[in-house]
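Labels A, B and C are assigned to the chains in the order they are written; within every chain, residues are numbered from 1.
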Amino acid sequence: MNRGRWAVLSLIVLAALAAVPAAAQPAVRIGVILPLSGPLAPTGQELRRGYELMVDIVNNVHPELAALGLEVAGWEGIPSLGGAKIELVFADSRGDPAIGADMARRLIMEENVVGLTGAYQSGVTQTVATVAERMGVPLVNSDSSSPTLTMLGYQWFWRVTPHDRIFDDDLFNLLDGLVAGQAPGVGPVPKESLSRLAIVAENTEFGVASGDDIRNRLAPERGYDVVDYIQYTSNSPDLTSETTRLVNSGADAYLFVSYVSDAILFMRTLKLLGASPTLIWGQDAGFTNPDFVDAIGPDLHGVLTRSLFISKIGQVKPIAAAINELYRERHGKDLSEESARETLGVQVWAHALQRAGSTDPAALKEALDNLYIPGEQLITPWEGVQFGAGRPGEMNQNIHATGMIGQYQYNPDTGEVQLEIVYPFDFATADMVHPFPGWN
Amino acid sequence: MLLEAKRIVKRFGGLVANDGVDLSVDEGEIIGLIGPNGAGKTTLFNCITGFLRPEAGTIVFDGTDITGWPPHRVTRRGIARTFQLVRNMDGLTIEENVMIGALARTNHPDEARRVARSVLELVGLDRAAHRYPGEMPLAVQKQMELARALATRPRLVMLDEVASGLSPEEMEEFAELVRRIHQERRVAFVVIEHVMEFVLPLSHRVLVLSGGKPIAEGTPEEVTRNPAVIEAYLGESHAASR
Amino acid sequence: MSVFLEVSIQGVLMGLTYALLALGLTVIFGVMDMVNFAHGEFLMIGMYAAYLTAAHVFPDPLVGVPVAGLIGLVLGALSYRLLVRRLLQGPTIAQIFGTFGLMLFLRYGALAVFGPNLRSAPGGLVVGQRLVLGGLVLDGAKVTAAAGSALLFALIYWFLQRTRVGLGLRATAAHREAARYMGVDTDAMNSIGWAIGGATAGMAGALLVNFYYVSPTVGMVFAMITFTTVALGGFGSVPGAFVAGIIVGVVEAVTAQYFSPQLKLAVIYLVFFLVVLLRPHGLLGAR
């Protein structure tokens, strides 16, 4: 070990010794399970930065945020627990459900955590939730989107963020809103110009679950017609035939559930074939990937994508701008969908602890079940956080959670492609471009 | 002396296949190499042509020590061979097979094609030039191997049991062919053979191997009268009859 | 124009690209009876070479074609000299795992060097160009790749038929030992086979960059279809790879049009199994 490291280490030890007398209350430990190694490691790190940001806001004074109405920014710990700080204990799931469950047990039994959060992939979250359920420890989730997680009747699982069916609902809310003339900058649109839908979905769980939900539930409910439902194999060498079929379907709106590689090929081939739908929408994933934006560039003008969080919301919601600014100071970039998710998870934990005034599991459960955080305190456009049943058979889902829909807009003056918010309509950051203007 | 192999030793595990074998070939000479099965004849061929590296002994060809050279260099130096079991390059026509041989001496495919045609004419295969060797009778395949060897412009050709599998008439034709080539091109030959009717009339001199050692050397007449040779062959036939 | 004809033409275009991807693999197999599992990664390196040339030197991946060919050539030759040649002394299983190891090394090496991002050519003469022929819209980039494929096939075929080294390669493929005794330096032929395999893979990659994204794992996307093409055409057969590539492309396009895009691969493998049942060595395979 070199001298520099010794110096750093000594400083840390000294700081820790100095801190002990000041900390009147022991910290409240919360276990975080994330894929910190393996193929999802970059995502795991991004999620981790979100957790750490909000823990910092809760544990330390942030008057500029408190002034904007963010309660936790003025707390300096959890007031009802004598100012106890929140301490996160990270555990690596490696993206494996079995390891995730094992980590959950260890965190509870060996690390004395009062609760859990994580674990990103729905499959891992499910096994972690099983452990939490059996051991009676609260698990607050803000990063998994499989609808089944809140349909299993788990008493100890709460989800803050929307699941995939809510995102699908958002799409149809947007379509209906266009018809009703609610979309900013667009007058009422005849429904005939939008009613014929074609779904293009990759043929694994992600694509098929969303595709089926749109075709079997939403399209019939809202009176739209699915004229073609193309399932394809992701990472194919060629998607010309799929795209040709899509164009030949004569659909008004193209709805994609695709990863980035396929999204790039589809857009390129659509341009080549001169496709002219009235609307193109992507279900997050590939459509929000920066590589996708780089590859397609100005041709993206008018393309829609759903997302949980678009940092532009700061333009219409000051609290989001302020939190985003804090994140920018630390990491040199805007909050991403991933990091944004986890700030919400920590915020919910802080409110639950404050309300419970105790780390007793039963008290925490009671607090979470009855929690309410008003929408003004959130970086998202929601009315608030409140757990309940959004639909029959569901429980402990944040009933106010919705997604956002962004639209890529090209500014010829700056040469930049920006993702503007067009839904929820109240939070739009730009007029919507409709119908799809075609290719450059 | 064109080829001088001295005290060649080659072992395979415990078996000594060549145990101090000498073989010398003069310019334009035809040597018969005979002996019972397992006498080490093919092993000696393999050592000389570079497929095997002898443990001891030296091989000098035309004044150059070629001991341990890889086969392609030995070929380019002037020693060509045929195989006991024909080794066609299927997928290549007979002409192309022979061109490969010719390319050992020239970098120009056109030149190689000319050489191949003339050699094929020499062995009487010019009409089959564009056929594939695999579809031809065995005698033709053996002629092609000889043509292929000749195309490398060798000064020494080593024939490994060319007569096996041929009918008496084909054998006679093949012997005629070897004689004609010998006369027209002054090429030396070393001929491994079991069929005495083929090899003895052809050879100027005969070397007899048995158990990896030379047991006799001389003119065909001398060798056939040699008691050690008779013993070696009788022993073999005794063994075979048991 | 009938839909069938239109679909078939699109299929032939993509099929020629598949054939081009298969060319280097079948050359190496022909010479050495050895499957280069790192072939997809050779392709990937060629793609990066063309992409980086386009991004930093001259904004057209076509300029990267010779660069990628050269890099592929060196990569192929070095792979043989430094790795494969040594593996030949070991058991067959070592050869299989050897090139498999090379595949992983190149893939994850590229991941470390270039990062996981997907990159696309910034532009170029044929990038995104539409060719309209009587109601038929063709991708100029794919037409270029198909033309490049036909050209490279003709070149390699001529090379194998008409040149000294080409004959040496064929002789080595036909009978290694006999070739050695005819003066062919078969070790040099192995090197040349790998160099050609690498160079054609590199150029194929460069042509792909005109219409495909580049990523460290892009080799995986093409590996399966490439191996299938080689097997269908007959391992080691150059004309076989050409014909098989076109068959794969057309079968894929027709299946997607008349049945379902999901069935593309299933039908290709069905055709593959039928061919292999009737002709175990592939359409034009020797032996």
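Keep this in mind: a residue touches a chain if its C-beta (ideal position, glycine included) is under 8 Å from a C-beta of that chain, and two chains touch if they have at least 3 such contacts.
Everything numeric here is computed off the predicted structure, so don't read it as measured data.
Asker: For chain B and chain C, what is the smallest step count along a path of chains that touch one another?
Answerer: Tracing touching chains, the least step count from chain B to chain C comes to 1.
Asker: By mean C-alpha position, what chain is farthest away from chain A?
Answerer: Result for the farthest chain: B.
Asker: Central chain, going by Cα centroids?
Answerer: C
Asker: Based only on mean CA positions, could you tell me how far chain B sits from chain C in angstrom?
Answerer: Whole-Å distance between the two chain centres: 42.
Asker: For chain A versus chain C, what separation do you get between their C-alpha means, in angstrom?
Answerer: Centres of chain A and chain C (C-alpha means) sit 41 Å apart.
Asker: What is the distance in Å between the mean C-alpha positions of chain A and chain B?
Answerer: Comparing mean C-alpha positions, chain B is 80 Å from chain A.
Asker: Name the residues of chain A that each touch 2 or more other chains.
Answerer: Residues of chain A never touch two or more of the other chains.
Asker: Could you list, by residue number, the parts of chain A that touch chain C in their complex?
Answerer: So the residues of chain A in touch with chain C come to 42, 203, 230-233, 235-238, 240-242, 244-245, 260-261, 264-265, 268-269, 271-274, 289-292, 294-295.
Asker: Please give the residue numbers of chain C that touch chain A in the complex, ascending.
Answerer: That would be residues 7, 10, 14, 18, 116-120, 128, 130, 137, 139, 211-213, 215, 220-222, 225, 252-253, 255-257, 260-262, 264-265 of chain C.
Asker: What does chain B use to touch chain C in their complex?
Answerer: 49, 51, 70-72, 75-76, 80-81, 83, 87-92, 96-97, 99-101, 103-109, 112, 148-149, 151-152
Asker: Chain B touches which residues of chain C in the complex?
Answerer: 162-164, 167-168, 170-171, 173-175, 177-187, 286-287
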